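Should a chain be cited, it is by its letter among A, B, C and D, assigned in written order, with residues numbered from 1 in that chain.
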Amino acid sequence: MTNQEIQHIIASWSDKLEFTEEESEFLNVIVPKEELYTICEQLKANTDLKFDYLFCLTGIDWGSALGVIYHLESTTFRHNIVVKVKISDRENPIVDTVSDIWLTAEFHEMEVFDFFGIKFNNHPNLKRLFLPAEWEGYPLRKDYVDEVNMVIK
Amino acid sequence: MSYFSDIYNGIKTLLTGMRVTGGYFLNARKGTLTQQYPDNRETLKMFDRFRGEVVMPHDENNEHQCTGCQKCEIACPNGSIEIIWDRAIVEETGKKKKKIDQHIYHLSMCTMCGLCIEACPTDAIVWAQNFENSVYDRTQLTKVLNQPGSKVKDGIED
Amino acid sequence: MSKDQIIKSNFKTEEYFINMGPQHPATHGVLRLILTIDGEIIRNIEPDLGYIHRSIEKMCERDSYQQIVHLTDRMDYLSSHINNEAVCLVVEKGLEIEVPERVKVIRTIIAELTRIASHCLWWGVMGMDVGALTTYFYAFRDREMINDIFEETCGARLTMNYNIPGGLMFDIHPNFVKRVKDFITHFKTKIPEYDRLLTGNVIFQKRTKGIGILTKEDAISFGASGPVARASGVSCDIRKIHSYSAYDQVNFNEVLFTEGDSLSRYKVRIQELWESLSIIEQLIDNIPEGDIKVQTKAVIKLPKGEFYQRVETARGELGVYVNSTGTKNPYRLKFRSPGFSNLSVLNKIAKGYKIGDLVAIMSTIDIVVPDIDR
Amino acid sequence: MTKSIHDWLFSILPEGIASITEMVLIAVAYLALFAIAGLYLVLLERKVAAWFQLRLGPNRVGPFGIFQTMADALKLVSKELTSTDRVDKFLYNLAPYFVIVTALLAMTIFPFSKQLQAFDINIGMFFLLAISSIGVIGILVGGWASNNKYALIGAMRSGLQTISYELSVGLSILTMVLLTGSLQLSEIIEIQRTGGWLIWQGHIPAIIAFMIFMIAGTAETNRAPFDLVEAESELGAGFHTEYSGMKFAYFFLAEFINMFIIASIAVVLFFGGWLSPFGITEGITWFPEVFWFFIKVLLIIFLMMWFRWTFPRLRVDQLLTLEWKYLLPINLVNIVFMAIVIWLNWIL
């Protein structure tokens, strides 16, 4: 299925979605965080799309906002889509979990929580995965400072 | 009935496995996989491209080919190379030219990625095949690659 | 009432915790599993990671693209060449340069040799984990030959760093082709020996058959890839689906099994040894002549945008996501490592089995801890 | 020689003291002999393992590494004994001695040659069976007292394993005892002087009994493929995780002495003890018969090592399946078979 057709299907679900294909090889869809869960649920359930394979879940710090990027593929149709969600509240970023839709998200969301401090609603076991529980700050954020261990070139 | 065939097949597979190891046992004298390392120092030769440590070759006149362009220093991902350089007046032209004072190489930080040698425009630094780098004090792993009193070979420009 | 229910209704048993790792022979590194155990039966597994986390993603944000390559050696150190290739491919994709055919073929050959070396090590360790110690040495004998090939051509045995964005660091060694051919003839006689020693063994079969079953749906949902997913019947070979380098020029089969148990995960890897050998055989005789690199600028700047490259390492799908703002460093770089997703299936598939089974299951998942921790 | 020492002792000392001294002397001699024999079995194991694995094995201390295990023992003796705070001190310290003492005790009744036997009791086989199962108490106690979960799991497995496999060992020995009609070890060997080795005399049921005995015997000694008690890839080191220095060495040595015991039983019961094959050294009086005994024992030990370095380990429930579903029924049928063989006088 071509990107246009995918876009056509998804666009009918909500009018708050932004689509872009610039600067990326995949079709990007930017989803407001309130609608993330329902959109993701439909992406997997829709029989024409069947995005059943979440192959990458990335947290990102855009400076003004934090974000989560979901790379999705369908193992039956082999088409891809990238779902992006922006969270502008840096102090207390919260977004819905998708770990019950794609089980792999459970670990990846823990990783994102660990490094970006993005909290996931309804996550079964949200804790620091790599860093010790008493670690302060979120290292992959751009404003993280550690003068001892970080060498800036 | 499958009870007995299970036993039969089980024993058969076990004996097959024992035949493999038994075969190696009988031929154990012919060739061992392991090397008797400190004993074979004389004959042990590393491959030419083996990345042991970075060295700077000098010729018989105590001349090297490093112009002090610092490309290796920039290329190094770990900050293993530090170049202390100076400007000296070249007698023929009267112009000031960059010249290395010390080419410092921290072997303790080096990951043997080879980017510095890749980056060097004058092939001043190369890999040495020495791999016995253990020392009692970490500071001994910081090496000055250019020999004292050495100078850059004539005609080397970056 | 079933037998289990009767036992449950009449007995009260106590569960207890046991720490498997960070130092434990079966965790292959510094992985810690917090097991909840009832007698010997595992009720829950909670992995605790991060004992070898080196923040490679953060380091990448400060390094130039050439420098990033060598960091990936240290992720999945058994597929270091393939990791390097992934980064190089994503940079080449961003710069829109096409590498010469010769580079593609050499990269593919070395990648497949890496896969064989990795599977060899896995086979040896798999044997050790189920208690057959001798397998380790036989596997290392064969792996040693590959390592020698690498050492002669790339200069290093494990962390090779032979790829650079735009091609290869230097040409293959003149002995390369001959050595690889020698290895192929040698190894073809050794895989049947592997089968006789371990695969056919009745104890091994009993230890792995029907143990740790991962269903197809779970495999996809957990994002499993590589041999773990292919043993469950998920077609996920990136070499076929999103072909890169010279994989479109060769014929090979994607090894698929449907049982999803430990034994089929084992068999997938053994079969892959044959497939990798066949790929190398097809390529080794006709490595095209040509350049070994496309000259890139000394400072590589990727254009603004997002790039994603997927490759098939020995463990599964490695994804490199690069978000560039047009500077010489990536703005954000994420490695989607196969080990991380594959590890997450552990709790699902090992629950209800015994400690001995857990060790066998972990071995068939083929965990490399630095790959999980990055 | 033993006779002359005996006479000399009784001539210079009063009777009571003399017999005690004699016992002590024999005990010291046995201790020294088997400590050294155990050490060399360790060396043999390492060498054999190395050859199976295409390595060289120990070769640094002494020619061909023959002093390697001596050096190891020296190191272990000089090592600090560490333990955790929470161990049950008394039981923790007791456990290694349990294991090593029972192992050494069993050694006493073996007839290494016609002359070389400490005790020739008429219930020899029975005594062996009784003694050899005490060792497991040491393992259980050690695992329990260590206060370590891995050690505990190992100890529990050990109990499970020994209780089950004791049956098979006992029954396969019983099969052969049917044939000999005696429990006295020296008598069992003497029977074989005329009719050929028992494995030959008893043919099919004896061969089956031998196979079962080897499997069960390997399990009794907790060796691979039945080394669930230690299972280094699962439990770290199993029951002796918390032991160090000499206490660990006792466990280690006991394993090898137990292996020697199992091999010795097999030699006595199936391969004619110190009798030479086909009586080739029958007429030569100066030839030490003990040579044949040790050669046979070493061959059986080699077989057990071959098992160890080839097979993967069984899982704990498969261990029980093998015993209760396969070995035990076959064994019972085999006893009946053997009885029929004897009844119909099919003995070769």
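The rule is short, and it goes like this: contacts are C-beta pairs under 8 Å (C-beta built on N, C-alpha and C of every residue); 3 or more make two chains touch, one makes a residue touch a chain.
No experiment lies behind these values; they were computed from the predicted model shown.
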Comparison of B-D and A-C by number of C-beta pairs in contact, larger one: A-C
Inter-chain centre distance, chain B versus chain D - centres from mean C-alpha coordinates, in Å: 52
Distance between chain centroids, defined by C-alpha means - chain A, chain C (Å): 25
Rounded Å distance between chain A and chain D, as computed from the means of their C-alpha atoms: 63
Distance from the mean Cα position of chain B to that of chain A, given in whole angstrom: 42
Per-residue multi-chain contacts in chain B, two or more chains: 14, 17, 20-21, 24, 33
Chain D, residues touching no fewer than two other chains: 52-55, 309-311
Overlap residues in chain A, where contacts from two or more other chains coincide: 151, 153
Touch-based graph of the chains, sorted into line, ring, star, complete or other: other
Chain pairs in mutual contact under the definition given at the outset: A-C, B-C, B-D, C-D
Of all residues in chain B, those that touch chain D in their complex: 7, 14, 17-18, 20-22, 24-25, 28, 31-34, 36
Residue ranges of chain B in contact with chain C within the complex: 9-10, 13-14, 16-17, 19-21, 24, 33, 46-51, 71, 75, 77, 111-115, 118-119, 127
Parts of chain D lying in touch with chain B, wherever the complex brings them together: 48, 50-56, 59, 306-307, 309-311, 326
Sites on chain C touched by chain A in the complex: 49-50, 53, 55, 57-58, 62-63, 93, 218, 220-225, 234-236, 241, 303-308, 310, 317, 319, 321, 323, 332, 334, 336, 340-341, 343-344, 348, 373
Chain C residues touching chain D - in the complex, by the definition given at the top: 16, 18, 24-26, 40, 127-134, 136-138, 141, 197-198, 201, 203-204, 206-207, 354-357, 359
